[in-house]
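The two complexes that follow have chain A in common; it is paired with chain B in the first and with chain C in the second.
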Partner chain A sequence: MTQTLTRPPVVDERVGRRNPLQKLLGRPEVGALVGAIVLFVFFASVSQTFIQPNAFATVLYGSSTIGIMAVGVSLLMIGGEFDLSTGVAVISSALTASMFSWYFSVNVWVGVVLALVVSLGIGYINGWILMKTKLPSFIVTLATFLMLTGLNLGLTRLIGGGVSSPSISTMDGFASAQAVFSSSVNIGGVEVKNTVFIWIVLVAVASWVLLRTKVGNWIFAVGGDENAARAVGVPVKATKIGLFMAVGFCGWVLGMHNLFAFDAVQSGEGVGNEFLYIIAAVIGGCLLTGGYGSAVGGAVGAFIFGMANKGIVYAQWNPDWFKFFLGLMLLLATIVNLIVKRRAELK
Partner chain B sequence: MNANRIDQQTLLQNEQDPLTHTPVHLLSLDAVGKNYGNIVALRDVTMAVDNGRVTCVLGDNGAGKSTLIKIIAGLHQHDAGTLKIMGEERKFTSPRDALDAGIATVYQDLAVVPLMPIWRNFFLGSELTSGFGPFKSLNVQQMKDITKKELAEMGIDLRDVEQPIGQLSGGERQCVAIARAVYFGAKVLILDEPTAALGVKQSGVVLRYILQARDRGLGVIFITHNPHHAFPVGDRFLLLKRGTSIGYYDKKDITLDELTAQMAGGAELAELAHELQQLGGHNDIVKEVQADVADVNEHR
Partner chain C sequence: MKTLSWRKAALMAAVVPMLALSACSSTGGKPVDAGSNAGSGQVATTDRIKIALITHAAPGDTFWDIVRKGAEEASAKDNVELLYTSDPEGGRQAQLIEQAIDQKVDGIAVTLAKPDALKDALKKATAAGIPVVSFNAGESVSAQLGAFTHFGSNEKLAGAAAGDKLKAEGLQHPICVIQEQGHVGLEARCAGVKEKLPETEILYVAGTDMTQVSSTVTAKLQATADADSIIGLGAPFTLTILKAVTSAGSKAKVASFDMNADLAQKISDGEILFTIDQQPWLQGYGSIDALWQNKRGGFKIGGGQPVLTGPTVVDKAAASAALTFAQQGVR
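This part shows the complex of A and B:
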């Protein structure tokens, strides 16, 4: 109160008056960042191996497999929707690439491109149905999730005759595709998976789009208040469909990694993973109701997930406890986010 | 600043005195109607909007005010009568369509996205960018500067254009929306009940911005149910009731009391006074209503 009274009346003088710390705390990803540091210090203190470069590379790899999807899912959540079909859509993409190339005996790159079309198509259909019917995205994508789960199992058995796709390791283009989607880079004697770099690039691009482009402005707007956005001329339908397609793209990247990390995919995989991506986005400070959040936040959320996942192993605890910790972290992170946000906004 | 504004107003008022009507109206409606299924929402409404004039649309809840603005703003299409922009007949298919024709609407509740910073709201849907093709990026600093300057010109003094617009008061938010419409070259500005949710002081602030928008040469459509807000700023008054026009006046042809009487309807007021008396209402209030009734009857 006293601070208000002593404020000089000149307009520009007052701009700097907001405490820089408060400004920092007002950012969406700060809660998650604090959580990540606490968790890192915690695991570093209970386990000697956790902080060794090789182990850390493993943690980063684990984080990246969640983080790549979390990029798309975070953007979508900021845009006010969510997608429950992401977990199985990743597998659908991988199955499309492998089954198509195998069945028609073509270069695997043909399958890879077709998988991209299918992934973007799934996103488009999700978004289109959502905009056309005005149903909640929960229902629409739950339906897609169930249908894709069935299609993955059914088509794989129909075409390949088993529960997993046939091996494509001997086919044309496999080596080059593997180099692109699943290889390692040696940095100072430590093997770092290239998905880590793909993840970082995706986060950077998403952040740029979100904060420095027209489309980013529209994403915040359609999530924050769809009607207001429409009234000022924002193409709401195109923005939302585009977001679902961006999620599809991320699913394709991860799907290709899953395929080329080995040479076959299990058709029943992926169920339940959609929640991990949503959890990463929420821990990272994306508001479940839309209009608030950041791509970096989603990445930090994924990193927290990766640390907890591998940290429990390095600490030599029983991995049975992992889910409990995940739930606890989700709760704590969201509460911290809430408090931080309220504090910052009250000033 | 203040003296400057008064100067400007007297100047413009002098200029207005000869009432130079443009031969072609900026926007005109002729016998416009709209049905939703078998419900008649609007019937036979005629009105005009000119540069530097404020046309007030008055009416109680359900009078058809929202339907009228939705037609002008491009959210709905009329199915009877004609809508003309500069004498040319139009039918808007989307809000974008109406915006491109120079019609900007400031809605009471959905003018802005609360969680977004002021400057992002200001430029939402019309962002300034530079660069090529997919690499176009926002000119953040330029947009912030323009926002700050435009709002300062409207007399809104902001500490930080980076703060979420939800933190502003209702009146300030309306003003940001008005400033935005003015900046983006709106020719017609529709204000949907801008003072409905505001206190007396805040309402006064908004009314002043309406006059500023008028003085900048915009045609303003001011929707309200409060004749006390409409009369001081309006040049023309369209009264709606149950979807039809019950009067269309120039300011010189009507007084505030007549306007109030037309709005409320004498019979309804008398009924209210009676009801209040029966319920054992507070004496002062009953007297006030009775005085109003007498007033209304006198003007009839």
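This part shows the complex of A and C:
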């Protein structure tokens, strides 16, 4: 008895095609994107100035100074770790470049290169201690944060004789370094700060690494389950140390911008900024527990922060309420993010 | 192979800066020998005494460098061992006072930015017979808390002086930029300006992040096109504000409070209108010297009134003289 069996077409749900809309809604950054659009429409409706091109350039600049760091911090968070030393590490980098160049009276580019070495070194040390001791990154980087805060103040006073680094604006190489790290590009009559482009490039590179390379898979793997990742042959130690060094690199970029935008650096600056970077990454859909998130999400998170921060000024609201509105908006953006993601996962 | 290339990279990173060391900068950098004329005079013949200088300075604020320099210079002359401590948080500043009492100091100079938190600790100090001088902040509560005199500038008067000066320049709509929300002294300065110029607007910025100071000021200037002037409440902030104003193409005039060498230079160049200086060096110097005088002959300077160290207006005409001293770190 031969019989032609007509099997129903069974497709494994893990490899089956998903509804494109559902796929889109499942992306980590989509909630933040919706939040960003809501916030944009809101500020555009309460303030005439907000939608003018030059005002928008200011918003982008404000966002970029958070966003550059948020790139590294997002990647690190996907890799399952925190870095609380980022805020002051930015200032450490700027101080290294300016104090070294000033003290030895050398071309500022020498200081810039040295600052890069120092920034990557801070990242390396953070990662190395973390892997060596297996302590939570919260503790390790909290310690680095405190030590760097002290070093910034102590060394600056020791070398420069004050708490602010001396101005290096007249030194050789300053003009070219300023052109690289802090200049403006005129686009249709609007001056756009080049940090905005640096930010976009960094986000693009980070996204490519995350989604298209082997290293990207490693990052998701070590953040999802470190032991499982090690068992399948992922170089966990190198990946995590590399992530901390990537954060260090971002800190160097922002530190150099700080230095060349304002000529001198206050050694007490930067404290508290580490939370802004983490907030940006979290709003952008990176999970605090690791293994999930995107670089674009961190960028959208920074953009939300920049819009809220500057939008309140454009809307001319009573400044006494500034921090309250900021907090409220951050909360709302995160809730929108959460709802959108849950909906997408339910379907 | 891989480790080799890593080592190479590390070696490059170490060697390249060394090589570049030979590429010296022809301008700027550390002065070959700054020289110092502080503390080179004769030292008082009185016995060595110990004085604690306790401030509410946040770490890394240039203003307090100048206060400290004044105090150090007075200490050098008066044969004083100076114990400098600071904590921006009121409760911890009170603990510093108690520690000074434990160390059996001969005098305490203290800033009273948070008088309520320091009340009890200062009571202990006076009970222990330690003379107290207050400076910088807390003029109105100074005598009440047991200090025999106060060295400082009245913040509201300073604000009013700035307002008058702006008015004289024909300006009437300033933006007053506060770098620390909720800071009593800074709020008083802006209130003083507003008293003279009712159109004054207040802008709060995050003083711990210069990029945010810059971008928030740019945003405010774009939102308030009719503002004709902008005031920074500290020298480093004013310099950042000046850059933001220039790059935003705004015509707003810039004015400032406090002083440093770069600021004095910009005033003398005419890029910044003026600054209101409270002469912090005098506050540090005066406090230590007053305590020494008290030890020397039981003197109490000031006649129960505060000794005013400001406000003094430093405009273009006065800037070049101030510049020399600012470069030495005493203005």
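Quick note on the criterion: the second predicted complex is superposed on the first by the 321 of 347 C-alpha atoms of A that agree within 3 Å, B and C clash if a C-alpha of one lies under 4 Å from a C-alpha of the other, contacts with A are read in each partner's own complex, and residues count from 1 in each chain.
As a convention for this text, a residue touches a chain if its C-beta (ideal position, glycine included) is under 8 Å from a C-beta of that chain, and two chains touch if they have at least 3 such contacts.
Not measured: the values here are computed from a predicted model.
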Query: Should A:164 be classified as contacting the first partner (chain B), the second (chain C), both, or neither?
result: second
Task: For A:212, decide between first (touching chain B), second (touching chain C), both and neither.
output: first
If touched residues of chain A are counted for chain B and for chain C, the larger one: C
Query: In the superposed arrangement, does A:47 touch chain B (first), chain C (second), both or neither?
result: second
First, second, both or neither for A:230, with chain B first and chain C second: first
Message: Contact-wise, after the overlay, does A:59 reach chain B, chain C, both or neither (first, second, both, neither)?
response: second
Statement: Shared chain A footprint, chain B vs chain C, residue numbers none
- line: chain B partner, complex, touching residues on chain A are 11, 14-15, 17-18, 208, 212-214, 216-218, 220-221, 224-225, 227-234, 287, 291-292, 345
Query: What residues on chain A touch chain C, complex-wise?
result: 47, 49, 52, 54-55, 58-59, 61-62, 65, 101-110, 113-114, 116-117, 149, 152-153, 156, 161-164, 166-174, 184, 191, 254, 257-258, 261-264, 266-273, 306, 309-310, 313-314, 316, 319, 322-323
- prompt: Mind pulling up the chain B residues that touch chain A in the complex?
  reply: 73, 75, 95-96, 99, 105, 107, 110-116, 120, 123-127, 129, 136-138, 140, 152, 157-160, 164, 167
Task: Would you mind writing out the residues of chain C in touch with chain A in their complex?
output: 13-14, 16-17, 20-21, 23-30, 58-62, 64-65, 181, 202-204, 208-212, 214-216, 218-220, 222-224, 236, 239-240, 243, 247-248, 260, 262, 329
